[in-house]
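In what comes next, subunit A is part of two complexes: it sits with subunit B in the first one and with subunit C in the second one.
After this line comes the complex of A and B, so read on.
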């Protein structure tokens, strides 16, 4: 059964995927910092979805869906329009290439991302493994 | 969507004289003591003087594998002179340090380690232009928008990339490389070959970089042994100088892969010269990636007129050809041959693995090793055993 993106069930499934990934555990073992993944509305999709992931040393300690962006103050924010995020979750777009070309916006401690680019890559890989659909 | 970025390249005999045509008032030269001793800085000053450009200052303290500290020191000196032209004269270390100094000179709010591919609109060029004059034929740093610095505190190399830090002009004059001793010619030449092969076969390869990479591979196989054997072979020097720059532009627009990730790791811990490290690791990574890129290994083999025997893969054939080339120019074929004692190597294994796994170059490798595979990989490369897993 596919999870609906933007629901708590989807966030839970993403957390399970991250915590089940040996690769993520290895490449993110020094990662410290929570993150918002923000899906911005565009011509194809009118909702704004914010997923919150508390990432710590290769583990996802908690995940939830946020209604109000000011609710938490994560160290990182990755955002992009629905069309880009959809391509990303379907693995039709390389997440690092999307960041380099500005299709995805990244805010936070760039030094850490540059030191652990594979952590960012595996994070999105894990998210894309979740069987998920966007809400109608 | 992707980009192809390169500086204006001035190449061939007498390319240095292009400096006499530049506009500017005050130049700041970044170099090292060896380049000063060889008289190359004086040659640069002469050309700049013909353009009416005063050389305000020379910073000659760039060391091999330059540190963040050296960059800070250089910027402090640069700030005293306020140049409108920064001229890097040297090899990859000098040019990388100069690129980082230029960024910090123009953007004092930005630390070198904050340079990353995700930011744009740096506004470089408003205060100064950067000209890179290559004196080695390997890194291609004169034409790339990458910087490798050493974080001495954390014993690791920082690979910093941003399209906007590309030099304005690259001077590729083969005369300046003639002073390179055979060992350095070999080391740097293997760096160029590794750039070209990884640029041609990594996940981000593209039509624009492919052409440069494949031509560079041909040039290295044909001319590197000659350039090592006889440093006064002008044709070989020119072809290798061009090959290095082409490979530089090629790889920076596609990226390097696992040989660089492993080479950075080894270099940061044991100070093996960069080109020697990546060159010796290259055939092992080709074997490791193996059939995932078999078609591309075959294309490279074809380009260098290498016959793939029946029953043998193109990967194995190419890996052997690279080892033959390395041996012909007295390069080590294993980590053991670099002189690193086994006990030191084994003690550093944890850090070697951590560094490789974290390296940005790995993200575009056609095959990415697990931690266990990485340990095995380093074990094989230490002993000189072909990868069979």
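After this line comes the complex of A and C, so read on.
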């Protein structure tokens, strides 16, 4: 059953995927910092979706969907328009390519991302493994 | 001495004399090596007002203590001279492995003075140096020169050479080593041509001694592995520096059609991703570098058929967006021609773009251009102009002078869109879309340059530099005087990389603590983060003092009028121009400890940096 992106069920499924990934556990073993994944509306999709993930030493400690961006102050924000995020979650767009073309924006301690890019990339990879669809 | 060979070669080209001298340890402790040591020789030995193309100017090749060691990306050397483009301190820096060969040949550096009566090249063979006749090499391209010299000497030599551009005194000629790696900027190849020095070939087996070898190896390996796992590696290895084209364009700051706009509509045709998917056949790395940002590309057939390295981001900027070319094959050929003629890609492409706008405005006509119709986007004309520039044929003779001098000759208001600072053409980052870059361009010691501070990294592409305490730029479209400190700190820190012989990209991935540790274990004296920052600041101030002695003032720390007066017409930075340069300069001088009125380093600052002997040279005896 596909989870609807932007629901708590989807956030829970993403957390399970992260915590089940040996690769994520290994490459993110030194990662410290929570994260927003923000899907910005564009011409194809009018909603704004914000997923919150508390990431610590290779583990996702909690995940939820946020209505108002000011609810939390995560250390990182990954954001992109729906069209880009949809391609990313369907594995039709390589996250590195999305970053180097400026389609995917990353904000936060870039030093940590510079030193541990595989943690960020595997995080995206785990999210894309969740069987999920965007809401109608 | 550890890390250093301990010897410098001196070549008097006028008399054909070769001599050696010992490196002074005190100078090394103060200035580290590379650009720092070379700048001291230049300051001490080249008289004020010397003609850059005359016998009094020096051409100094210098390595650093880390060059040729296990430190990541430690294959670099620099060339320092008085620039024929700017009339000021000129420096160019190159990777590959020539610097390593020089140290293995038994010398930390080579200082050339005088002018040879006939073309010569220098052979440095395991501790012995000899000038040889180069009549048979004169008029040949870099690749052919490299091949012929290796035929004479064997494959165990590495060659740094000029092409026809240097011979013909094109003011922005570079020096090319490893056939494709360029010490490109400031006309260092022009000075080499003026001295009738075609090439320097080095080879040898001398070992570089390391003070604490086990600790140095361990730290170097750890740092190599860190870089090997970094974002820098993932992105630059995959897409090369060319990937930056996308990232500047998406911010509306990719200078297009001689900086008339910051958005290049055909970016998808010339980006790093397109290069990777079309012409790229291999990747290449410099000595001991984990990144492999170098591209090996082939255009198999057609009018732009070529095989070689590149194109790099700056080639795509200068010949792509600035000249309006959407043809990646033509850009790749332009890159290869620049390598073989020995031309700086930034200055060459920028000068052609400037001439094209002059033509569009009717200031240049077909009567001036040998019948060529200069249009943005015409690849064939750009290639023809490159040939003409290198040979100084027809219109090429004028364009070989560089943007500043072309504008001075043409007049008619062309200086408003002549895109240079202090005579050096600007790289492909528009400060109207990332304002802090305007301050960096205006103040860089060698003129309009990106890599002096490389604040474009944090400002344009959100890449931090871990080698400074803070490199974050809060909002690229805001001119915040407090952020002038970022420029100052980056200039100082990145200067250290030019002194020790490593790539500035490494400053992104590794903090100053790591570098200080590697330097300390290499040279064997105490060297901490404080020393790291102070050495960079000292060298930066010494280069500034050279410029001040040549007559530079605050009035020279400016930007082209286009950046100050013409807002960007479209894109994310639409409506923006550089508006607060004066305030930014005030803040920058304050952080630097420079006199706000004149732009000179104050006597107090110079003394604080142990540069007491410089004070009376730029302030007069009463301050000394």
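Assorted remarks:
Convention: the second predicted complex is superposed on the first by the 136 of 136 C-alpha atoms of A that agree within 3 Å, B and C clash if a C-alpha of one lies under 4 Å from a C-alpha of the other, contacts with A are read in each partner's own complex, and residues count from 1 in each chain.
Assume contacts are C-beta pairs under 8 Å (C-beta built on N, C-alpha and C of every residue); 3 or more make two chains touch, one makes a residue touch a chain.
Since the structure is predicted, the reported quantities are computational estimates derived from the model, not experimental observations.
After superposition onto subunit A, the partners subunit B and subunit C occupy overlapping space and clash. In the superposition on chain A, A:101 makes contact with both subunit B and subunit C. Which of subunit B and subunit C touches more residues of subunit A: that partner is B. Once the two complexes are laid over each other on the shared chain, residue contacts for A:22 go to subunit B alone; subunit C is not touched. In the superposition on chain A, no contact is made by A:66 with either subunit B or subunit C. Of the two partner chains placed around the shared chain by superposition, subunit B and subunit C are both touched by A:113.
Overlay on chain A, subunit C versus subunit B, candidates 19-27, 127-135, 253-261 or 271-279: the clashing stretch is 271-279. In the superposition on chain A, subunit A positions 96-97, 99-103, 106, 110-111, 113-118, 121 are in contact with subunit B in one complex as well as with subunit C in the other. Those residues of subunit A whose C-beta lies close enough to touch subunit C in the complex are 96-97, 99-103, 106-107, 110-111, 113-118, 121.
Within the complex formed with subunit B, the subunit A residues making contact are 22-23, 26-27, 30, 94, 96-97, 99-103, 106, 110-111, 113-118, 121. Interface of subunit C with subunit A (complex): residues 226, 229-232, 234-235, 238-239, 243, 246-247, 249-251, 271-273, 462-464, 466, 472, 508-509. Residues of subunit B touching subunit A in their complex: 1-3, 113-114, 116-120, 158-160, 203-204, 357-358, 360, 362-363, 368, 370-371.
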